[in-house]
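Following this line, the structures themselves.
Note that chain A is present in both complexes that follow, paired respectively with chain B and with chain C.
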Partner chain A sequence: MDSPKLGTIETIAILSLIMANKIILNLPKDIISSTGSSAWLNTIYIIFLALIFVLIITKLLCSFNGKDILDISQYLGGKPLQYIIGTIHILIFMAIILLILKNFTTTLKTIYFEHSPIIFVMLFFIVAASISNKFGIKPIAKVTLFIFPLATIGLIILLFSPASDFQIQRLTPIFGYGLDKTFIQGTMNIFALSGLGYIFFLPTLMDKNTNLRKIALFSLGISGFFLFLSTFCLLLVFSFIIDTNESMLLYVLTMFMRHGNLIHGINTLFVLVWILSIIAYISTTFSFALFILKKTLNLKEIDSSNYCICTIILGAAVLLQNFTDFGRSFEYIIQYIILAFVFVADPLLLLIANIKQKLSSSRSKQSILNRKECL
Partner chain B sequence: MNNFFKSLKKVFTFTDDKHHLFRYDNASSDSSSSSDSNNDSNLNSNEPNSTDSTTKKINSSISENQKYLEKAYNTKLSTDIVIRNFNVLVQNVRYKAFLIFIDGMVDSNLINDFVLSPLMLRNKANSYDGKQKKLVSEDIINNVKIKNYENKKISKSNLTTFVYNNLLPQNSVKKVLEFSDVFSAVNMGDCVLFIDTIEEAYDIDVKGFKQRSIEAPTNEVVVRGSQESFVENLRTNTSILRRLINNENLVLESIKVGKITKTNVSIGYINGITNKKLVAEVKYRINNLDIDYLISSGQLEQLIQDNPNSIYPQMIATERPDKVVNYLFDGRVCILVNGSPYALVLPGVFVDFLSSPADFNLKYQFANLGKIIRLFSLLLSVLLPGMYIAVTNYHHELLPTELLFTIAASRESVPFPIVVEILLMEISFELIREAGVRVPTPLGPTIGIVGAIVLGDAAVSASLVSPILIIIVAITGICSFAIPDFSLNFTFRICRFLYIILGYLAGFLGIAAGIFVQMVLMCNLKTFGADYLDPIPINKRSISTYFVLPIWKRERKSDFVRPQKKYSEGKISMKWRYK
Partner chain C sequence: MRKILKKIIVLCILTTFTFSLTGCYDATGIEENAYVVAIGLDLAESNELELTIQIATEGNNSSGGESSSSSSQSKQTNITTVKCSSINSGISLINNHISKQTNLSNCQVLVISEKLATYGIAEYIDTLLNNVELRNDCSVIISKCSAKDYLNNVKPSLEIFVARFYESTLQSAKYTGYTINISLAKFYSKMKDTSCEPYAILGAVSTESGTNSNAKLNYDNTAGENPITDSDVIDNFGIAIFKNDVLVGELSGLDSICHVMITNELDECTMSVPNPFESGKYIDLLLTSEKDTKCSVSYVNNSPLISVDIYLDGRGLSLDEHIKYDSTESLNLIESSATKYIQNQVSNYLYKTAKEYNSDICGFGKYAISNYLTLQEWNDSNWLGNYKNSFFDVNVYLNVESGNLFTKS
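The block that comes next holds the complex of A and B.
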């Protein structure tokens, strides 16, 4: 009786959790180190840019009611273009999983598994993601729906817990390292909201794609709020010139929590929630990669592909871990590639497809109606 | 070498000789062997595609029918099968007849007084041959009594109808044409009347077997609520439901399941409330079971559930009629199996297994307190041992320093790692629990308590386990008893062992991975079209909710069953407050 497609709330939860995980994965620290005390201003700025981005792409997507970027690329350049776009996106999603695995498991290993090999830690994430993906994206989205409130409540508690250590002076100078760093070079920090790139694939996965714009805006609102809050609170607690060697600034923040004598080391509980959150993130990204693979290659079942991709990612993550310097460069390169595709190439593709559609004389009244309904 | 392999093969394969030891030898058997073979042939003939004896029509020759039944029932061996031969007087003509029934399953007085007497003893009814004038009515006109007689002569050939209409003063008599119906009726405690020259038999309801009376529920005890429970007899169970629902829209459809047992299964739902597609799906699944026998609702549950390999219960099994009635009004379907004192309610979603029957009767504040405690105890029963291992092995910082020292001190003399300790104790606890179920009732609780205390104390004294671990295992055990559903309890007992291993392997990382996978499995599960974790995310105002709403706010029926009627209350249910 129930459709296997994603509902509105599930989609919002998925998008918001993907972007909220960037906070766990230390994005606020990167923003603070690149812009200084103006990080909170920069956050507002990138949220504004992301808002414009969302408005544009949802408008462009609405012309192709119920079609995702793969369908649109097929419309534009036939099967070859679909293969190219599909392959690039699969690689991007695999790279995202790779980076999350590398970064988060390194932190976990440092904190709890000093004597265990990194592959052992990674295995738990990969196996959980692999098992979950046997059942498709819908159950993962539902679980995300459970985890998302936990993660957000945890974040709020964590961010406000060191309120007594907040110092307003740390917000000065207002423009941090300068206007240029805040508003021009700081534009690159929009990577923190690159989770919006998942929107390109949502129309075919969603139950009602007429809500796409609302979903995107709502998700951006939630994740933007948390990004701003985390940057703002971290800035109030830590001096922006102090660059901690800790890979997770939020974990350091847990040390500032005061919680009486009953419970010690409450940070462990936060780590438990973050692990759940990261597994959800990896599983979701994984299912998007599998979805693209299935659609591009017209596969009937993806179980074997699931295991294949898992093994490849695990192997690549271990390799990446062994080459630390290459790993850092790889991370930067991937970051730029993601930015280029999510915020430039994909919207450009959509724009060209829209122009093609406009130029085609047989534009029926139905497509106009679709657009109106969508907006 | 070849010889060696041949001899090895001989050792490890079951040869014909070996099989011969266990196989029943037809040739060496006595007279009973023939009856056994008859039995076999009867069972085999139940094959649906064969031209079997059970679909055989009743013969007009009474001796043929009797021979056939004697053979089928092995009357020489089965002494409880009674065939009573006699002559019946119909329209002043004597016919040979016999009654077949099972001793112990019928009420002898009913047979004597209302079957044999009217048939055997001469009376107005059986001696009326159509030549006499039949008095139809009497009128009194001007104080003069006028008798009206029927002039129509009754046809002699219509013997069947005559017997049915005049000679069987019983409320439940059915004409049967096939032997399959005869067997079914006799096996259910009816007696069947055969009369010579008639190609039909009469199935007369004279059931009188001993059965358990309606008692208080033993496994779903409530302080406030009905003290009636289902029994093994299907008709008693259906009558309880009829009495409680008290509406003509309650439908109780009967289906026979099992090629040999032909067990009566009743599908109950309320017309106008329950989704017709759901009812059709249930009937479709039950009708398409190719099994020889069905003894209990537990067997049926396993045969018709969506995911047979899933460890989660997907149907509510209850012995409480009031619980079934509540769910029927919610738009669910219930299944009653003859011989089983448990009804199945479907679809059953996760939250239903956390609900206690008392939740329906208690104030919502009390019910919610109970539900929160049950939810909490469920989490503890699954995660506590795993968490304990995780905390003591990987996340020491979570514990206050004093407690950490206490744990360390208590483990000082224990030679095993914590995982061995906890597995040892958990397995011992499971053993005690299992033994407690098997031992005779008066000894059961004693074994449990004595076993737990003695074993625990001895284990600590022998430094096999630490005292804190005993506390952990005891809390886990107590919490597991707070889970209202027996099947769900089993599910989480299995999960507990998995979390122990995961906690040992990777602490909270392992546990988090386990939780995630378990939740995905639960989210993926569907039961009769309903999502297992419904009603998530929105707590709709129905009886299946994670938190019990006040009774006046339980306006809606559960959405996941797509009921025909969506509301069970008016917008304002307590109208007296606003008048």
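The block that comes next holds the complex of A and C.
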């Protein structure tokens, strides 16, 4: 019988697929829009920042062997802090699913299901995520392991398909919209690697003998490589590509795919792979939300919560669809909240917990010494 | 075990339902659509947009009076024209008029009349590229006659299918260099780019009255001026040159050859160069690219100095008693005559684009852009506006190896 915990390769596949999906969901476009021709430089810069981040948080998590951010928050501030942290993270994960659902289904509807009500398209994803979560995270991880190579191979083929139209000169002017936009305001583009935030919950989900730091670095390497590759290729191809709508960018690229008279019009194949990839992403994020819910509220079974959350997300996604302006602001706000929690609040919490642990260990050492002196 | 079995059955039923229901919902069959193979845009006399679409039909070939089905793989076509305020409203009008819904997914060419192009075509290109159905690799043709006339005169004699005719006729640019096949996506990209200007295929309907008798060589003509007599009256020859989205001029077949030499799009072409052995006569050379053309941009007194180094291989095609390819001396003579000629032609072409049209269709801006550190500095330099002040230093390195099969007559 397989262990219900995640193995090294499964964890790497999950983390990498989460970040690969951000490419499908248009993040390279956001990077190019905000930095211009220096997007490739900015990507290298944010990968470097993410590397520092990974080294720091894995070091901080090491002191709490096998404990995740929920355990650590309980250690730091008791049950109330655990409730707060748990609730915020559940809401963040739900918001992520909501936004993916909204953006990707809008794209699908525009391309293929023009006459279908969007709720039908959304149902595909929500039902799939709900059913997969009945079986737990391990089967999801195993399916992800199968989808990940498909998604990455598809991505590489797609990115290099317009290679004949690549213009290396598009990488210049080297500083794009300026040094400030590239290295100061451009720091915000680290959001593209916010999938690293899942690391905070991994220690309790993984096998005990797996090395968190190795997994985190490996996942960062894979996703960083794909992020750089996609930014680089999209920068080299047609200048109008960044004006595409929502997650249409890669779809527009598929329309350029033509090899002689034999291979053309194969965009549907790519869309199929993306659908699988997005389902895996939504299912994984959903399982993390359920895991936090179960742990925070000490629930024994989460089936009813599964259906409940699914219904809430579906309702919210339909609602968000009807309020376009609010949807845009919501997306913008959520992006900042995720950035604040993944890269500031959670590491800060870890740091304070580490300080507390060190102080208490030094205090206990001192009390042992005092006792010895008394004796 | 029973529980697992129950779950599997439920999953199977759900999956079956999901796929089967979506398959039926809003599904459209191939016979319900009218497949457009070409779109034409004209400016009507009332200054309205005139949209022409060419739909592939089986038409009269179908026997038994059954309803004819439409397919892009069809020889017969139906041409429908409508005056409209916009492309999409025109398509809606046509959908309302014909018995089927138009589908643009097989559209091969977009033909725009010269008259309309001189007013600017940005809004139409933007709209068409925003269409999910339309493939962005369809070719852009600027027609010297009206787009409707152009499409009406498409009568493929060597192709069975209209869509394939468009595909193959535009591929000829690869082995002639007389025009250049440009897709809608490339045209749009160049239109939006700050380092180059767009261009398109120049097309026309060949008529006897339109033949240019002053041209020394055939490739000095533009579309519709060639003295060709056959049943295919469509002539795609030369380049339509744009400034932003406005048509500013036409380039001949020879200019087109020069263009492909500079932009590294030359596969092969036949060029007539002055015969060094007999004055007033020409030798035909088959030219191929030896290696990529090197371009660089520097500034002299704020004017761009553009250096172009072209590397070509040539093979002699012409043969008579005066032409010899058998000695180094004669090959050198042909080489120097051809080099000088090509150098002059390329220079003339470049100065024409700069001084006459102020349109950087070769995209030299992409070489100039590396001289700047930020996009703000680049935009301030106003490359596209300053292109008219450019000077060119053209060097051609031609290597004439031999004749094709024989070295002398």
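Here, the second predicted complex is superposed on the first by the 346 of 375 C-alpha atoms of A that agree within 3 Å, B and C clash if a C-alpha of one lies under 4 Å from a C-alpha of the other, contacts with A are read in each partner's own complex, and residues count from 1 in each chain.
Rule of thumb we're sticking to: a contact is a pair of C-beta atoms (placed from the backbone, for glycine too) under 8 Å apart; a residue touches a chain by one contact, two chains touch by 3 or more.
What you are looking at is a predicted structure, and each value in this text was computed from that prediction instead of being measured.
**Q** So in the superposed three-chain picture, is A:Val271 touching just chain B, just chain C, both, or none of them (first/second/both/neither)?
**A** first
**Q** Examine A:Ile9 and indicate which partner it touches, taking first as chain B and second as chain C; both and neither are also allowed.
**A** In the superposition, A:Ile9 contacts chain B only.
**Q** Now for A:Ile131: first (chain B), second (chain C), both, or neither, which partner does it touch?
**A** Both: A:Ile131 reaches chain B and chain C.
**Q** Which holds for A:Ile44: it touches chain B only (first), chain C only (second), both, or neither?
**A** In the superposition, A:Ile44 touches no partner, neither chain B nor chain C.
**Q** Counting only touches as set out at the top, which of chain B and chain C does A:Ile140 meet: first, second, both, neither?
**A** first
**Q** Is A:Ala345 in contact with chain B, with chain C, with both, or with neither (first, second, both, neither)?
**A** neither
**Q** Thinking of the overlay built on chain A, is A:Phe256 touched by chain B (first), by chain C (second), by both, or by neither?
**A** second
**Q** Please work out whether A:Phe238 is in contact with chain B alone, chain C alone, both, or neither, and reply first, second, both or neither.
**A** second
**Q** Counting only touches as set out at the top, which of chain B and chain C does A:Leu108 meet: first, second, both, neither?
**A** first
**Q** On chain A, what residues does chain B touch that chain C touches as well?
**A** 113, 116, 120, 124, 127, 131, 261, 264-265
**Q** Which of the residues in chain A come into contact with chain B in the complex?
**A** Going through chain A, the ones touching chain B are 1-2, 9, 108, 112-113, 116, 120-121, 124-125, 127-128, 131-132, 135-136, 138-140, 142-143, 145-146, 261-269, 271-272, 275-276, 279-280, 283.
**Q** Mind listing the chain B positions that touch chain A in their complex?
**A** My answer: residues 391, 394-401, 506-513, 515-517, 519-521, 523-524, 526, 529-531, 533, 536-537, 562.
**Q** If you look only at chain C, which of its residues touch chain A in the complex?
**A** Contacts found on chain C: 11, 14, 18, 22, 25-26, 105, 129, 132, 135-137, 167, 185-186, 188-189, 192-193, 195, 366-367, 369-370, 372-378.
**Q** Could you pull out which chain A residues touch chain C in their complex?
**A** 36-37, 110-111, 113-116, 120, 124, 127, 131, 165, 167, 169-170, 172-179, 238-240, 243, 252, 255-256, 258, 261, 264-265
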